[in-house]
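Just dropping this structure here.
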């Protein structure tokens, strides 16, 4: 299988199922057949509401959880076949920034120690002095004052802690960085600073990100490609702009319509998606979205619809393929094209 | 960098001392510790010297706390006894803490595994027996004496320590920074030693402090029953036991050593409570 | 005027020093309208909401000055018994995390019934029947069955509906929602906001929405108050605030939010970080972060000026207008 040189990660049919105690021997299909490709230098966004499995995808690819099945080619290697001892070199190339700035840094380690630690574990520098130098450099790259290095996490603000987390992720020059809701715990003004920084770093160092969020506005700002997840499956994948202009899958429509837009000129009346996300233990048959879908047909309750290309590089898992609409977010209208 | 952590520890110490419980506890324990260390210099009389003429004498200018059934100076015996009691407390906690940390850490980190199940079932069995009873059984096998007493009480304290350590490890393990350490490539050993244990220290230390008080109590109880320290060595428990027959005529013989036992245990308990409150961020907030 | 807050000042005495949580808050809320209080962490919006319900613990809090007039009565001066009577019956509040606000050992129906039994002096059976009716009003499917469920058996959206049902059970005049939808998924948030709007239109309820989300404000509110460092820096009608923001902080706040309906290249940011409420500067609290600050901004705190029909700003840049 030849792999284009500019594809960093290629995931095929990834599944992660959890067994639960109650109700009896039920299975939670947290990730149920997810496939996508991440191009170098770009940001791949994964959006979905709680329970859709987006964080689980990241954790499985990072091998923080073991996959139930599926394949993942990263930097030419089949990462799901690596043994435990081979994981360490993998960790060098794949990093993650977690959601919680208040919990992802060791409270007993100074900021600079947290940044130095990955380099020391993997022996990427020639010695203590170089490690120190690189760590200080990283701190200033993320916009922190070098003398904040000797501080402890609880002495820093949320935004500053996230910057430390980013510096730590960068310290090993990874090929891919997962950003799992990196700004949802931050104030909007701090969020803007951190997001700008992430984008600048991406341009400067040709970084590749997988950006996970439930916030569509952030996803539009950050990502080049977008995947929408619902109950463990991808329902729509494609270039972000295309999806925002002409979303195909009804769930994508619903997500986009539901956003509270910070502009009073936007029409308030719009179709609101009814119902709740079903429990991942009891995923509806056929298309998992069918109980809530305004366009549901009998066929939808039968087989699980596959992701099919409906337009240039835009894939959707809705069988009503011929339906073409244009979403006007401003007027909140779905207009047939 | 070393200056930063030394400074930070100093600041922490000052904050701790502002807590009244910690302060009180530390004062009491320090007083007892000083007594133990400087015993030779503090004792007004030879604690072993028998003087039958002074039998059961109430407190006087010569014997500040009176004399016991063999005319020995109670004050001196209490002072020397502190060495025994605190020494046992220290030994017991060191022993059970070490074993407890090893077992509890593995048990907690590998929660749910066969190792965890095995360890916890063994601890469950140990905890069926009341601590004093367990120690008594062990002493019955080994015989009395300072070292045997320490080991017996130590073994009886392993189970509760293991559970506390396990609980602390499990709760620290929930934190994101442990996951972050894994994501960065830290080995399991490194995660346990560098990330989990330092952050689990607070509840473990608090519990260790409380256990020292318990150890003093156990030692006194067992010696009271004749199973621990043997006469003529002064030990607070034996001293209480000695004075049993004379409670009506010479209550001071049992009372003073009894009071000192209470004070020691109280000191450890209050220190432990203070540490518990100090490390619990929610309690700190409410008071502030 | 249903609610009028004038010059409210609140401090907290903490071991680290005195925290100036509220520094002269002025707000008005007309009956039947929706007011949004918006700001970032530490601006005082939640504390303002709690003050209306007298839920701020005093000590360590202390109201230095100001009034909270509800239908003309100063809530800060009422005896605690009258406040307790007011809570739930005239003014109700719902919070961000319904899971922690609901009693885990009581069923949803019982909790709603409890409030009614307390304030309306009706029996349990009648209260449960009313609870079912309330659940229907908040669009809960299978309302009869839902009354039997316990909080942990309900999803976030359902829990929040239970909270709303509880809050509305005694037909209060004012509902305060403190980040009530921030923890909910996007589609569920849309449902709950739509529900709140419908309830407001049907019953003439007055809403006070406390949020950090400008989108929610734009959706729901008639009037907006922007808070920073314990005071209202700008307030006015929704269109005035969004289309003609005058205070640099308001402008910064509106600019730095990523907008889903336009493609942006870079997010404008507000420099610096949120102020320390213990060491407030002697001049304008926003001055250290303000790109347009002048000398006078450092020397004295600006006073509120009326600029337009109901548009107020606390900024020296606008006092000349």
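Think of it as A, B and C in the order they're written, each chain with its own count starting at 1.
Simple rule for what comes next: contacts are C-beta pairs under 8 Å (C-beta built on N, C-alpha and C of every residue); 3 or more make two chains touch, one makes a residue touch a chain.
All values reported here derive from a predicted model rather than from experimental measurement.
For the criterion of most C-beta pairs in contact, the winning chain pair is A-C. Ranked by distance of CA centroids from subunit A, the top chain is B.
Inter-chain centre distance (subunit A to subunit C, centres taken as mean C-alpha positions): 32 Å.
Distance between subunit A and subunit B, defined via averaged C-alpha coordinates, is recorded as 51 Å.
Subunit C makes touch with subunit A in their complex at residues 40-41, 155-158, 185-191, 193-194, 197, 212-219, 238-239, 242-243, 252-254, 256-261, 263-264, 266-270, 273-274.
In the complex of the two chains, the subunit B residues touching subunit A come out as 1, 4, 8, 175-177, 179-187, 190, 194-195, 198-199. Interface of subunit A with subunit C (complex): residues 49-50, 157, 159-160, 187-193, 195-196, 199, 214-218, 220-221, 241, 244, 254-264, 266, 268, 272-274, 276-277, 329-330. Against subunit B, the residues of subunit A that register as touching in their complex are 62, 64, 87-88, 91-92, 95-96, 98, 100, 103-108, 110, 117-118, 121-122, 150, 152, 165, 168, 172.
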